[in-house]
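Please see the structure below; I have some questions.
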Amino acid sequence: MAKLRVGILGSTGTVGQRFCQLLEDHPQFEISALAASDRSVGKPYSEACPWKLKTPMPKNVRDIEVVPITPPLDCDFVFSSLPSGVAREAEESFARAGYPVISNSSCFRMEEDVPLIIPEINPEHIGLIDVQRHKRGFDRGFIVTNPNCAVMSFAPPLAALDRAFGVKEAIVTTLQAVSGAGYPGVASLDIIDNILPYIAGEEPKAETEAQKILGSFSEGSIEKAEFTVSAHCFRVNVVDGHTASVRVNLNSTSTLEGVIDAMREFPSAGLHSSPERFIEVCEEPSRPQPRLDRNNGRGMTITVGRIFPDNVFDYGFVALSHNTVRGAAGAAVLNAELLIDRGVI
Amino acid sequence: MAKLRVGILGSTGTVGQRFCQLLEDHPQFEISALAASDRSVGKPYSEACPWKLKTPMPKNVRDIEVVPITPPLDCDFVFSSLPSGVAREAEESFARAGYPVISNSSCFRMEEDVPLIIPEINPEHIGLIDVQRHKRGFDRGFIVTNPNCAVMSFAPPLAALDRAFGVKEAIVTTLQAVSGAGYPGVASLDIIDNILPYIAGEEPKAETEAQKILGSFSEGSIEKAEFTVSAHCFRVNVVDGHTASVRVNLNSTSTLEGVIDAMREFPSAGLHSSPERFIEVCEEPSRPQPRLDRNNGRGMTITVGRIFPDNVFDYGFVALSHNTVRGAAGAAVLNAELLIDRGVI
Amino acid sequence: MAKLRVGILGSTGTVGQRFCQLLEDHPQFEISALAASDRSVGKPYSEACPWKLKTPMPKNVRDIEVVPITPPLDCDFVFSSLPSGVAREAEESFARAGYPVISNSSCFRMEEDVPLIIPEINPEHIGLIDVQRHKRGFDRGFIVTNPNCAVMSFAPPLAALDRAFGVKEAIVTTLQAVSGAGYPGVASLDIIDNILPYIAGEEPKAETEAQKILGSFSEGSIEKAEFTVSAHCFRVNVVDGHTASVRVNLNSTSTLEGVIDAMREFPSAGLHSSPERFIEVCEEPSRPQPRLDRNNGRGMTITVGRIFPDNVFDYGFVALSHNTVRGAAGAAVLNAELLIDRGVI
Amino acid sequence: MAKLRVGILGSTGTVGQRFCQLLEDHPQFEISALAASDRSVGKPYSEACPWKLKTPMPKNVRDIEVVPITPPLDCDFVFSSLPSGVAREAEESFARAGYPVISNSSCFRMEEDVPLIIPEINPEHIGLIDVQRHKRGFDRGFIVTNPNCAVMSFAPPLAALDRAFGVKEAIVTTLQAVSGAGYPGVASLDIIDNILPYIAGEEPKAETEAQKILGSFSEGSIEKAEFTVSAHCFRVNVVDGHTASVRVNLNSTSTLEGVIDAMREFPSAGLHSSPERFIEVCEEPSRPQPRLDRNNGRGMTITVGRIFPDNVFDYGFVALSHNTVRGAAGAAVLNAELLIDRGVI
């Protein structure tokens, strides 16, 4: 079976690099076009891109000439990891030109007609695509998004609890890795022997996206879940891996065992890039740790630990997600696999 | 006026070193005895102590010969920064032998007859000393304690809010510096490119000490404050400075301005080591930061920022305290100054 | 073909863990015995070992019960990563009991009758085994060693230059990762926002081992190479990967191209764990970097960069080696593969 | 006595901030003008400057309105910490307009008629000022420079050895702090769990400036010292403090005691900002360390340790200097104090 040909918008950034890494040996996709900003256009990718990943740049992308971020692009669909400033216009123009756009950018996530998807949780939200096409006058193209990288650490365990017991409210503090800010991103002078108590624009995303993801889709629209989330977002001295400290109130009573089982047994999506377990629960009190656990399930597993009854809310736990894999490029790849599985691409 | 002569129990550890540093030019105290474990006994302090502070070891302690942790000790009172394992027996024996013991150890903090004091908040709790002497049969000696270093970051702003509006409950996540674990303490392999989601024994202290500190003293006993605290304690890649992310529910309504004013105007204790401001409120969203703010007020100020109405609770904020100064040695020194001011020593 | 059954002495340390990781799917070896100090004996490995590697503990070792470090051991030969204090007696007793001992410890490296081997450089030194057996009265057993982890970063490029042009002298400064000190090893308080200018016992090893490795074996003994090495060894804030800054004087003239080619074309040993290239030369001025290059060749490649004519000596370059793979466990595994290839095991 | 009024060119950068900090309570200078690039002009300094130092921004500069980097400026002389790109034109225009320019920039350092001064070593080089005025047609103005921050770590001990024994050649490897790259400077992704083996443009400065500083001034020109230096410059995960690993060959024989004494007894310049000791020699093998020793002598002392006979050269040692104090702003302030002392300003 022929592979689908993929274009990457914003291909030289940290998330763009992850796309190249994750798609190196992908059975369904092959990279055919790499788009980036003007200063990269015309150069071979190996020259345009300040590669920062630990595995070497895949051979199949080294010689691809970087092209501008405008349609047409030589591909069947596009992944986008464009910065917010340019994403809105570029992604809409690609969708309008007939390309499915699987976006990691934040600009369309909360629009009423744009699906915000985690395949294990709300695959049925892809039904919004028809609404979107109709509303925006798209023909074959559309836009599908994945959540913010911080949300990806705590939305999965909240989803497990919401299904099993109903979530009433959650208070979250995130400890986020520097790779989430891209490159050059966080200055070393700001993070050595230090933490930063604020990430611009992050907390509103963390407080709203989960309700949409856990909302119900019916009659062409999504009704958001009713719980509320409070988020404090910190930057810490970690390369990859966002950790969330979570306290949650539930709508119905539950045992500790019930809480653990709800997470552990949350089913995988069964797609190519799906990890064996969507949520892994560890029992040692000192886990999860970013350096030791971020690569669980090749970076696609959410690792949860320290699940206990809480002094103020019903339960507390700590959740970890690899922010540039499961929280960004890997999330988009999984969404693309879902769309193929459902016949949308 | 002659200075009081001070002994330090556990003088070679990270907190013991801070005592030496803070007392170098103190107008009321001079160090006359340094006690430590057997392997240090008999050596000059300069040889026994693996000095880790940025300022050089004070000249006045270099040649003092380290003695065992048993009374009698050549001093008027003692500061103790003994590890939990040995603190209980040693501190009690010093109190019994007639020495005031100003302790940074955790073992007696929650005992009913032992004051747990932050001079700005609950100086009247020193009234417990009489109860303690009577109950334990101490003559001139007694034990006074200061709080856990994590508690010191968030108890002061909670105290400000409790006085002004009443605190109902608080959910806290702490990001704690490695110096809190002493030396050698946290292994570098555990903290480079990493965080640790668990600090053994820390959360129970963080969840109980504030209620005692904010409790009311009457008729010879303390009635604890009624709010509840939930604490998640993390270790992060920071040398000094514990940061707390706090969400709080209040008993009465308040404006944001009222909350800020309550903190900012909380009065100083007016003692020698008191900072100009007990609580400093910063307005830039990216503050407080440990590396930039831990030394505010020579390490004795609590710095608070990001005060906002919260999505789930009434308010959220971030608080920072220098863990080995205000959260340990400096807290004990301030307690000693209080006891002198009140005529107890 | 049946796999050889392997015992690991010092199996719970950082290098012991690497042995378990590297041998997980090895075609020639399977782990049959794990030995460690008394406090681990009797426990399953999964419980006795504080696993610190990023990949999970291999399933095939989790349930093995840890046994004492004394023969007999249920295996065909042993790898040893014992600390210096106990290595000498234990390794000799295993060799005497008939076991081939492939050791990463330093105690026997410089003994006249013990081969110190890098398979790509001096495989012929295994001829010393007969001398050793005769001298020490060993029957089937023997001891073979691999170099110190710092030496492993610069000895390979020096070997390439020595073969091609003759090395006269070298001045080396190493920047070594904290994993080289084992666990808990370097205290975080000593390395955050800091470097350490001294590693106890390291510089003498770095200054003497290369001459033995590059020495010639004839008539039953090794004549050491004649060049001299000066080494300054620093500890830096890096998890894995030792970097060496090297300046070298040669015995004969050479061009820059000649120097680069000598390194690049140094042949691989062609063994199972051999990397495709023994020495990889990178051309970007900002490489090699530990985080980006330590895993080249699955941690078995030496990466060299910044090769230039020097202002004082003939040439300068920077060399990097993964200290717990190529510089420790991987080196020993490669030595075992060499010994099998040559029919010695 | 009235203080001289000082202007700072490049006042908002990391070195500009150090100038403000060091001049806060200076008895001879007061800041009267702060100049910076266009995007800061017109704002109060407190708003224009991303202050990154641990002590708070001095009150006396907070409200000064930032002005453009063009004469005239309301001051008696200027300190310059301009980036290389703009320094040449701006500094020359200030000198031509009659201002003494004390520059930390690199552009004029190696020009024949510009003094490159360390007051303890070559104060007589200020004689070049007359030559410079004559050659460039300056009237009252002139340009005086201080060395590169890496050079400042090893040039002082080399100067001590050169005076006592003659230096023939030196091989240096520097481990430099991130603050040397300014702000934002080094990206956190490049330095967490990593080192960088290259700093653009640094090695040529490190290899040439010491010869000029140690050169002799006679008949209106400087004859450079004859020794050669080889430098490898690394960036490491340290906030402040450049460390140099040095091996040196001398022209005459010396004892280890002689070498140590030559450093320890190198006289101070006796100026206001001079440290008690120019070079401090520590004896513990694990010192100097950046975090513990960079603030020796309020950041103005060079700390040297690990002085030993070397295996290849005559001696080796490790030297440390605070790169933004003694290696930048503090060096310029000391030069200004020298010029006043000698009646040149």
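Note that the chains take the letters A, B, C and D in the order they are written out, and that residue 1 is the start of every chain.
Throughout what follows, contacts are C-beta pairs under 8 Å (C-beta built on N, C-alpha and C of every residue); 3 or more make two chains touch, one makes a residue touch a chain.
No experiment lies behind these values; they were computed from the predicted model shown.
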| item | value |
| --- | --- |
| Length of the shortest touching-chain route, chain B through to chain D | 1 |
| Between A-B and A-D, the pair joined by more C-beta contacts | A-B |
| Chain of greatest Cα-centre distance to chain C | B |
| Between chain B and chain A, distance of the C-alpha-averaged centres to the nearest whole Å | 41 |
| Rounded Å distance, chain A centre to chain D centre (Cα mean) | 47 |
| Chain A residues counted as touching two or more neighbouring chains | 52, 190, 192-193, 237-239, 291-292 |
| Interface residues, chain C side, partner chain D - complex | 169-171, 173, 175, 190, 192-198, 200, 207, 228-232, 234, 236-239, 243, 245, 247, 285-292, 305-306, 310-313, 316, 318 |
| Residues on chain A engaged by chain D in the complex (per definition of touch) | 14, 52, 178-179, 183-193, 237-239 |
| Complex contact set, residues of chain A against chain C | 52-56, 192-193, 239, 291-292, 295-296 |
